[in-house]
Structure formats: structure tokens, C-alpha cells
Amino acid sequence: MDKIKVGVSGYGVIGLRLATGVELQEDMELVGISDVAPTLAIRGLVESGRPYNFYNAMPENEEKLKEAGVKISGTLEDLVKKCDVILDASPGGIGAENKKLYERLNTKAIFQGGEKDEVAEAFFHGYANYSKGVDKDYLKLTSCNTTGLIRAVDCLDKAVGVDRVALTIIRRVADPGDYHRGLTNALQMDRAPNHQAVDLMSIMPHIDATGLLVHTPVTHGHIITVLASTKKKINKEETIEILGKHPRIRTVKIDDGFLGNASLFRYARDMGKLRGDLYEIALWEDSIVNSGNDIMFAINIPQESVVIPENMDAVRAAMGIKSGAEATSLTNKYLGMK
Amino acid sequence: MDKIKVGVSGYGVIGLRLATGVELQEDMELVGISDVAPTLAIRGLVESGRPYNFYNAMPENEEKLKEAGVKISGTLEDLVKKCDVILDASPGGIGAENKKLYERLNTKAIFQGGEKDEVAEAFFHGYANYSKGVDKDYLKLTSCNTTGLIRAVDCLDKAVGVDRVALTIIRRVADPGDYHRGLTNALQMDRAPNHQAVDLMSIMPHIDATGLLVHTPVTHGHIITVLASTKKKINKEETIEILGKHPRIRTVKIDDGFLGNASLFRYARDMGKLRGDLYEIALWEDSIVNSGNDIMFAINIPQESVVIPENMDAVRAAMGIKSGAEATSLTNKYLGMK
Amino acid sequence: MDKIKVGVSGYGVIGLRLATGVELQEDMELVGISDVAPTLAIRGLVESGRPYNFYNAMPENEEKLKEAGVKISGTLEDLVKKCDVILDASPGGIGAENKKLYERLNTKAIFQGGEKDEVAEAFFHGYANYSKGVDKDYLKLTSCNTTGLIRAVDCLDKAVGVDRVALTIIRRVADPGDYHRGLTNALQMDRAPNHQAVDLMSIMPHIDATGLLVHTPVTHGHIITVLASTKKKINKEETIEILGKHPRIRTVKIDDGFLGNASLFRYARDMGKLRGDLYEIALWEDSIVNSGNDIMFAINIPQESVVIPENMDAVRAAMGIKSGAEATSLTNKYLGMK
Amino acid sequence: MDKIKVGVSGYGVIGLRLATGVELQEDMELVGISDVAPTLAIRGLVESGRPYNFYNAMPENEEKLKEAGVKISGTLEDLVKKCDVILDASPGGIGAENKKLYERLNTKAIFQGGEKDEVAEAFFHGYANYSKGVDKDYLKLTSCNTTGLIRAVDCLDKAVGVDRVALTIIRRVADPGDYHRGLTNALQMDRAPNHQAVDLMSIMPHIDATGLLVHTPVTHGHIITVLASTKKKINKEETIEILGKHPRIRTVKIDDGFLGNASLFRYARDMGKLRGDLYEIALWEDSIVNSGNDIMFAINIPQESVVIPENMDAVRAAMGIKSGAEATSLTNKYLGMK
């Protein structure tokens, strides 16, 4: 069978990881990437010496790109023409602009969480609603927190049924390397409910979800506390058993040295994972506790990489692979998850 | 009536605020303070030029204290002899040591949250269980988070009944000026359940409480998200109405500029509050949201000053004032709360 | 003699401290303050219950201000008419706008470091070039770092002569309470030379000054390392002797607990200084070291309050007090410096 | 020629990078690594699936190690017996303990900056004093800041002569993943002079060096500002020319997106460098400025990886390779530096 031809538009924190993700899928081919300027990510790609096909999405920056040593293979339009599907990881709002081009050239596209829901025919998660994405032309993925959260909630839901979730999201405020935003010695309150709860209900409409979000001055890894009302009451051991089997969830313990989000980032770097990226969310075993009939626990969301697997799933759904089980297990295999 | 003679043992972050609190109570007299070394707080007191009576709790440091210009009025034992009640704000564990002295000299004492429960006859909160403290010799106050949390939960409980609370505590990791601990770009997970939930159940045994705690790299003000299952379902407006009337709770809005814990600290400093201290916890109106039949909201805990009012209440309880309503309203009046 | 009538335009971090500073000067009268909206600072002023005269600089916000409980005494124009001199602490650039009003109403004005140099007839420092400000209509003060730095360099220069300074400014990135900017786990390099060195040369043209500036994720207190080439070589003890006598410089030691900028902020709060403000810069005795014939040392700049004294000096200069020694010693006395 | 047999004792932040470094040297063989417990780094190695030879330096932890899935090849003594040279990256002080074993077994060892100078026959830097290390049994490497600093100063010194350096070290306070130390919203002053200046003089005794060090709440990358008095005055362009040619120094520009230490870390991660590690220090072109006849500039020190190259050099020196030029150029080639 022919490989699926994939392009990545927007080579930022998410885009460069999508490109790597595609390169790892044996049933896909990375046709090229596109961006608008010689950003750090593009400069790094050039310095790395790895082969690349760069398509320039902003013709007026051609000179600057060339000065930075970027070899240009064409325009964004050229890239789109060569692809079956574009993974669009442009800054929020640009994806909607780009969509006009994708429509004109009759190319499928997957958008990220920063775009408005209207950009796509379906709001997609590889495990929770795979079938909604099959054969669609335009899909929108959930944001990093929602993606990781849904993994856990959907997994619980399939095992014992979930009626209600109440979240507290302890959000990292910036990505490593960000200078355009940050907090210094300040927590910031968001209005309730947080959009992640609302998005979860959009994907899993049978669940009552709400929650609060607080921004914190850290750069790597959100922590979400989840209170889930399950149809069947479960205890700590059962929770570990259920969530621990999920290929995209790892369970960790404080006693093993996983003291917080920073331990997980260090662990991935120590291991030699590319860019220090984990694709799995982590569940702290020490955090699981019953509250009445409900179960409460904390998970870690590696914001830079967590959405990559579900994006790979989405490509397969859009390209017509009918079985979510098949699609997700291919993703898991190629990305090296259990 | 004679004023209650009060001494403060341990002139750290809490102790110096207790001393100020006592000075503001018209029915109390601050006999003196005690500490072991010329700390920054003691040096500041000396430089301030304000009158003080310092009792040296560590005779071997007399030279150092004198070099720092500290005028010494006697030993800790001398202080205890002159007092009806000691507010002990020594580092955790030292209070239990000091208790032997208090017992020997037949002096009542109020301990802080860092001591073990066994140090006292009752674990005390001015609103939730005032009567437990009346005429007792040794009381232990709840820690900063628990004190503020109980204010809110007890207030809700008295209005509509509370069966269950599930908390997420987003904890500041150090006090402003701390160099002996801190986090840099890291969130730290605690084991569940957090002690604040356990302590709440100790004071309010009819409530099922549990929760998670995450340390964050900020120095001023915890944020707690509370999910409360009330006997009677209440909405946002009712929650504001109920909690907003409490003399030790203020309601704030994001639109008014209260974006997070740092806004509240700045607000108090701008206002000219001594040391930038607020005695009230703050409830974000924008955080209140229903989750099923439960209500969820976020409060801010000013960790340095929040326990001062309940300590003043405790002094009155220990000294035999029977009415909690009278004791707390005196505290509120003298501390300038509504 | 009649008191100098002073108004403060812009009631932010600096403006509210200028207002307090003016209130403390026995030869000045605070006519009123002006701002454009019910900011946290204004809300705090209202809640504090202290008397104030508020002049509304943005008529379209009258409703909002009234809703926030602000009593309005008139417009900015009304305030200017009543004053001999306006301390303008508006955001950078607004001062230049306001100047048109000051000129039209023939009122003197003192601008802060955020304005361009052209706004004023002289760039002013109370100690280094007081005479340049005498009888002028429009003065511009140096920014916080430059103000504190010049105190130290001018003091050394007057004692032993200074030919050259090379600085490294370790800059706090935001004020406490700021949510519009911040850094999280990042240092940020500025282009050389830093403006503080350039500004120093503008005030003290006989000195060769340059330096580097690095933004750091802290909110309270800059640290500047200064390498000064003095005409006469001095050692550590002489440096302490010279700088320690300055009324606006305090010397501190690590062994006394002054471990960094955060110790100084805590010290001021512990002492009960209004808003935790120190007017003095601090010199670490432990930092003083010879480098060849040069002397190197580190100073702390309390960014919120350090410029207040020099602003008071500037008012007196503008109003015609000829003697800098007299003007600065009045400031020092009224602000409680040694 | 036989490969040099190298063991790594202590598999922490530095040790695991030394192991990787040795694996990349074609003239060396990594015999094995040693540590005392199933730390995160060891757990990561096990999970990674990469082959390893682990020697247990703390027999009483054998059970714990096995529970964590660690395959044990023997004791530390077994490892030492098989090696020509041990790279000891144990926590400070443990290296001196281990040395007894190395002496008994007649094995050469390279110690890191955390050990006391007395542990070794020479304090070593691959460029500045290579010949001091030739054929020695025990060498001590400089710490991360000193290593990077000496690269720059030695390079300048060889080109135009350096008489004096005055430093300001803006130090990261913890490594990514550290929970045992950290600063939150605080800068911390160290006593002058900093040890890096003293160490530099120990390696380069003809230079007069001193400086100040301030700890800052960031985790990745120190910044050092250097004022160097050169024998021949040089300007910005000449400085770029001289330092930019060094194989272990890269020059960067703010306009290219290198805004601070965090940009460099992100750049290395984006590029796909193992663990996000750069071996080079970075020089900001925008920071170079003349101060009188001196030159001033800022460099970035990637604290986790910067010492790896000089350690590789040290192995070759200890093993008798006479030419520093040959040794360093092998290191540079195998580590992929220009």
C-alpha cells in the first residue's frame, strides 16, 4: 500500500514534534514542512544536518531564510499539492486562514487545539471518538491538557462508567524557551469552567464535566487533579489496574523519584528520549484516593509531546482507516509506547 | 477588667504577626516576645525603634544578641512567669519542648499548626469549634491552609450543610525571604490525602474530606480549589451571598484586577496594610461553578497572616470567654475586619 | 513659608509611593492624585479609608470609577491648576503628552525614567547634579537602577575620584503583582551597553561607563555588580567607610542574614516599613573585592521605592531651593533615613 | 591500538553524560558505570533498553536495584579492575573516598569540580594546561562555570594576552529535575571572590582574576559577564573573530532568537541533540562592548554538558597522549563540534 503523504504546516513546538512523529510512522511519508521565518526551530533543523524539505509560507521572507542557510523547496501551496493530508500546527487562527488553501487544493487537514471548533467537521480524540474522524476532510485535535485528560477519563469510562468529572488544572504558563510570556512569583486564576472541561464534554457528551484552572510559573508539564464519579465505585488498586494498562498512560511513584513534573522531564532526558519527550501522561499512584463514592487522582501532561499520538491517529482516521483499535495500535507501535 | 497578659514565643513569620495582633486587641497586653538569636525579624524590630520587651530563650546567644543591639529583658522563663497565656510560634517540635516549661509554670499556651496534635487538649478553630477551646490550658491552632479552608467550609456548612469536600491545594512553597527552601521551575506532588483535609475532619468530623496538594514555585498565597457537596444545592449567586457575608472572607473579581495571589498581596501593600498582610481569605467570584449537585470554587490563603485572627480567638477561649460569637467579633473589630 | 503644592499624576507602583513621600515632607502639601481607572491601587486607597483627593484623567471612565466607590474631586486639569509642581508617574510616553497641559497651565513637572530625555530641561539626580535642577520647569529623574547606582558611584567619586565603571545589572523582571510580563525559568540578555551606564554618563560625563544587563525571574530588587576604577586605590574597609556614611546607602552582611534581595524585602516588611519599602540601596560588605587597582562590589536596588527621595529633592530644586545639601538633608529627615 | 578502557563512577547529571561522551570516542571503550541506588537516571537507562554494564557501589542496595530491574554486573571494585581510567562523577567528597580504591587497584582517575583540589596531582583544563595532565594518575577537572570561562579567557589570552579578568556569574541555582534545592523569587549573593575566579588563577596563574556570583532561580544555563583587560586592545569585531573560531565556543545573536539561556536549551532540544545538550559555550555578539581599554562580554554555560569535552581530553592526557592539540581535536571530532 502507498504511504500516506503528510505535510506539516507550522514548525513550532508542536509542528516539529509532529514532523518527527510522522517520520516514525511506517505507513506515512513526511513530504515536507512549512513555516514563515528562520525561527530557532528552523535554524536548529538546518544546523542539525538532517535532510529536510522546507516550503516557504511567507514569500517576502525568502531573503532572510536564505541568509539563515535554509534550502527552500517551494511554497506552502507546493507542499499542499503534494500531500494527502496536512498537519496544521500554525499559531491559533492561522490554521483557519490556511484552510482556504487546503480546500482549494482539495487536501485534507488536521488542526490543533488553538483553532476554533468551526474549522473542522469533527473535534477528534483517537480513543474517545475515533469513528467521528473516519473519512473526514477536516479534523480538529484537542489541546494538550484535554488530550491527556480524555485518555484517562475515557479509559475509566470504558472500564466502569463515568458520570461526572471535576478538574483542577495546574497549568504550566510557558514552554521552555518562551520569552513572550511567563509568570514570575504569581499564580493566575482563570474563569470557571475551564475550556478543557467544556471540550471534554464536546467529545464525551454523556459526562458532566467542569473545573478550575490556575496558571503556575513552570515551563514543563501540567498537573491535573481529577475527581471522577464512576458508575461502579473503585479503589486505588483498581484505578492503577485500569489506567495502568492504557498504552498512553504510565504510572509513577513518589518513592521511585517521581516527585513532580520536573522529575518526568528529567527522566525522559536522562533516558535519551528525543527532545526529552514522553508521549504518555503519567498517573501518580500516591495521588489516588477515594472521596465518598468518587475517585480522585493526579496526572501529568507533557505539553509539548502529548498530542502527537492522537494526531497520528487522526491522519489514519481522515485517510479512511475504519478501526480505531488498528489505528491507535499502529501509532503506539511506531512511537514506541507499550 | 484586667487585660489578658500574652507573651509570644518564637518571633518568626507567624510570631511577629501574632505580636502585632495582640497589640491590637484592646483586652490584651503584649508582655513580651522571645526568640533565640538576632534573626532578621529581631534586627528589624531593633532598627524600627518601636518599644519591645525581648526575652532570650537561648542564654548562650546573649553575646550575639547584644552585638546586634538587642535589649534583653530576661529569659523565656521570666516571660512565661509574667503571662496568662503564651502564643507559641516556635519552629515545629520546639513548642512541645517549651510546653514542659509552660506546665511547670502553670501558664496556658496556644500552639501553631506545626506541632503534633498531642501537644494540646484540643485542635481549635474560632468559628468551627470554639466551645472546644473554652477554659482549656493547651490549644493547637490549625495551619494556614486549614484555617482558611475551614472558614469557608464551616460557613457553607452552617448555611446549607456540607457532606463532603474534595480539595486541590496549590501551595506556595516558601515564604518571601526564605532561602532554606524553594522550588525552581518544578511542581511537587504530595501524597494523598493532604493533611489539611484530615485536619478539617478532625475539627468537623461530620464531613468527609480528602484532597491533593501540589507545591508551586511562588512565595505569597496558596490557592485552594474546593468541591463541596452541600445538603441543599446552591448556585453561584447563593455561594457569593453566603460566603461573602463572613467577616473573614472577602470576595474578589478578575475584572477588578484580582488576577491571582500576587494581585492580593500587591493590593494589601498598595493599601498600606502593615507588612502587606490581609487577615481575610479571598473567594474568586469567577471561580464558582456547579458540578452536578456540588459547588466548586477557589479561595486564596495569605499564609503569613491568615491564622492571626483564630489565634486571638483562641486566647479568649483559653481564658474562659464562653461565647464564640463574642470572642470572634472582638477579634474582627480589633483587627479591622468588616 | 507656604508649603509647596504638589500633585501626583499616575497612581501606579511609583506614583502611590511618590504621594506617600510628599505627605511625609513637612514643607510640601499633597494636593491630590490623578489616574485614569479604578486600578487595584485606587481600589486599595478607597478601601483603606484614608482621605484622598482624586482627579480623573480620563473623563470617559467616570462611571467605572464611581462604581468602584471613588470620590472624584475634578479633572487632571483641575489638579494641575492647584499645584506648583506635578510629579508625573504616568506610564512611559504619557508624561510627554501630559506636558502639554503642564505648559499650558504654567505648572512645573518632574518626569520619571520611562520618559524620553527630551521631555525635560535636565536629567536630574539629587546628589550628583542637584544644581542642574534649580529653578527648572521640567526635570526628568533617572530610573530606579540608575538612581541607586549613581548614589554609590557619585559617593565614591566625591571621596576618591572615579574614572570608569563597568556594570552588570541583574534585573528583576517584573514588580510584585505584575501579570502583564514575567519570565519563567529564563534569563534574558539585553544588548550592550545597558541604558543605565549611558544615563550615568549623561549625569556624570567625566566617567566612562558601560555594562551588561540580564533580566532574571524575580520580582523584588535588582542587584548590580559595579567595577569602579578609582583615582586612588581603595580597599574593602575604605569602601565600607566611604559608602556606609551615605544617608541613602545601608551596608549589610550575609552573616547577619542578608542573603539576597529577598532578605531585604522581608526585613523591611518585618520592620513594618510602609509597603515593605526601603528608600536606601544596600551594599553587601561581603561582595567588596579588589580587582587590580579597581574595586568591585554589589548593591541592591529596591525598585519600587528607591527613586522617591531623589524625586523629593527634585521638587525642591525646581522650586528654587539653591542648596543641594539642604534639599537632600530635608528629604532624608522627612523620609526617616539616617 | 587498543581502546582506552573507561569506567564511570556516579551516574548522575554529569556521570551519565560522561558515559555518553566516552561511547562517542572511537579510541575509548565504556566498560561500565557504577552507582549506589535505582535513581531516576538508572531507571531511565533500564527503561531505555540500551545495553549497559552496571556495577553496584553499595552492596546493601542490591535488592532495591534488582526490584527496579537493574541487571548487576559486579561491584565498583570489579569495574575499577577492568578499567584503565575511571571518570569519577560521584557527589562531592565521595570521589576522595573512592580514590583509596583506585590507588589500591592502581587505576587512574579523573575527578570533577566538586572534589577538593588535594584529590589530584593536577587541576586540569584541556586547552589551558593540557601538558600538566600528561601521564598523571589523578586529575581534577574544573567545575562547569570555570571550564567554560577558561575556554574564553584562554582563547583571548593566546590571541592578544590577558592581564586581568573581573567576572559576574549569574548562576542557575539547580539542575532541571532538582527538588533538593531551589530558589523561589530570590537572588542569592555569594561572598567575593567567587571560586571560579580563584580556580581560573590556579590554572592560569599569570592572570589576576576575581568576581562576584549571584544565584538566580533558573535551572538551565549560567550566564557570566567577563571584563577582560587584554594586552592589546581589541574591539567587538576582533573579539567575535577570536572567540568565534574556537571549536568549543559558538557565537549567537539576539536578533536570531537567542534571547537568553532558555533559547539555547530550546535550540538544542529542537535540533534533536541528545538530552538537549550543547557542548559549546555561547558568546552573545550583542553583549560585546569596550570599557576603556578592556573588553566586556557575556557567555552562556550549559552546566550539564559543558565539562564533557574537557573530561575526554583529560582521559587522553592521563593515558599519555602528549599533544594537547591532538587530544582536543579528537574530542571535538567525536563529539561533533566544529
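Read from first to last, the chains carry the letters A, B, C and D; within each, the first residue is number 1.
Going forward, a contact is a pair of C-beta atoms (placed from the backbone, for glycine too) under 8 Å apart; a residue touches a chain by one contact, two chains touch by 3 or more.
Predicted model only: the values in this text are computed from it and were never measured.
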Chains contacting each of chain A and chain B, listed by label: C, D
Of all other chains, the one whose Cα centre sits farthest from chain B: D
Distance between chain centroids, defined by C-alpha means - chain A, chain C (Å): 47
Averaged-CA centre spacing for the pair chain D and chain C, given as whole angstrom: 42
Chain B-chain C separation of Cα centroids, rounded to whole Å: 35
Multi-partner residues of chain D (each touching 2 or more other chains): 176-179, 184-186, 188, 217-220, 258-260, 262
Contact graph of the chains (line, ring, star, complete, other): complete
List of chain C residues in touch with chain A within their complex: 173-174, 176-179, 181-186, 188, 217-219
Complex interface listing, chain D residues touching chain C: 163-164, 166, 168, 170, 185-189, 191-193, 208, 210-212, 214-221, 223, 225, 227, 229, 254, 258-262, 284, 286-292, 294, 296-298
Interfacial residue positions of chain C with respect to chain B in the complex: 16, 20, 38-41, 43-45, 47-48, 50, 68, 175-179, 184-185, 219-220, 256-260, 262-263, 265-272, 274-276
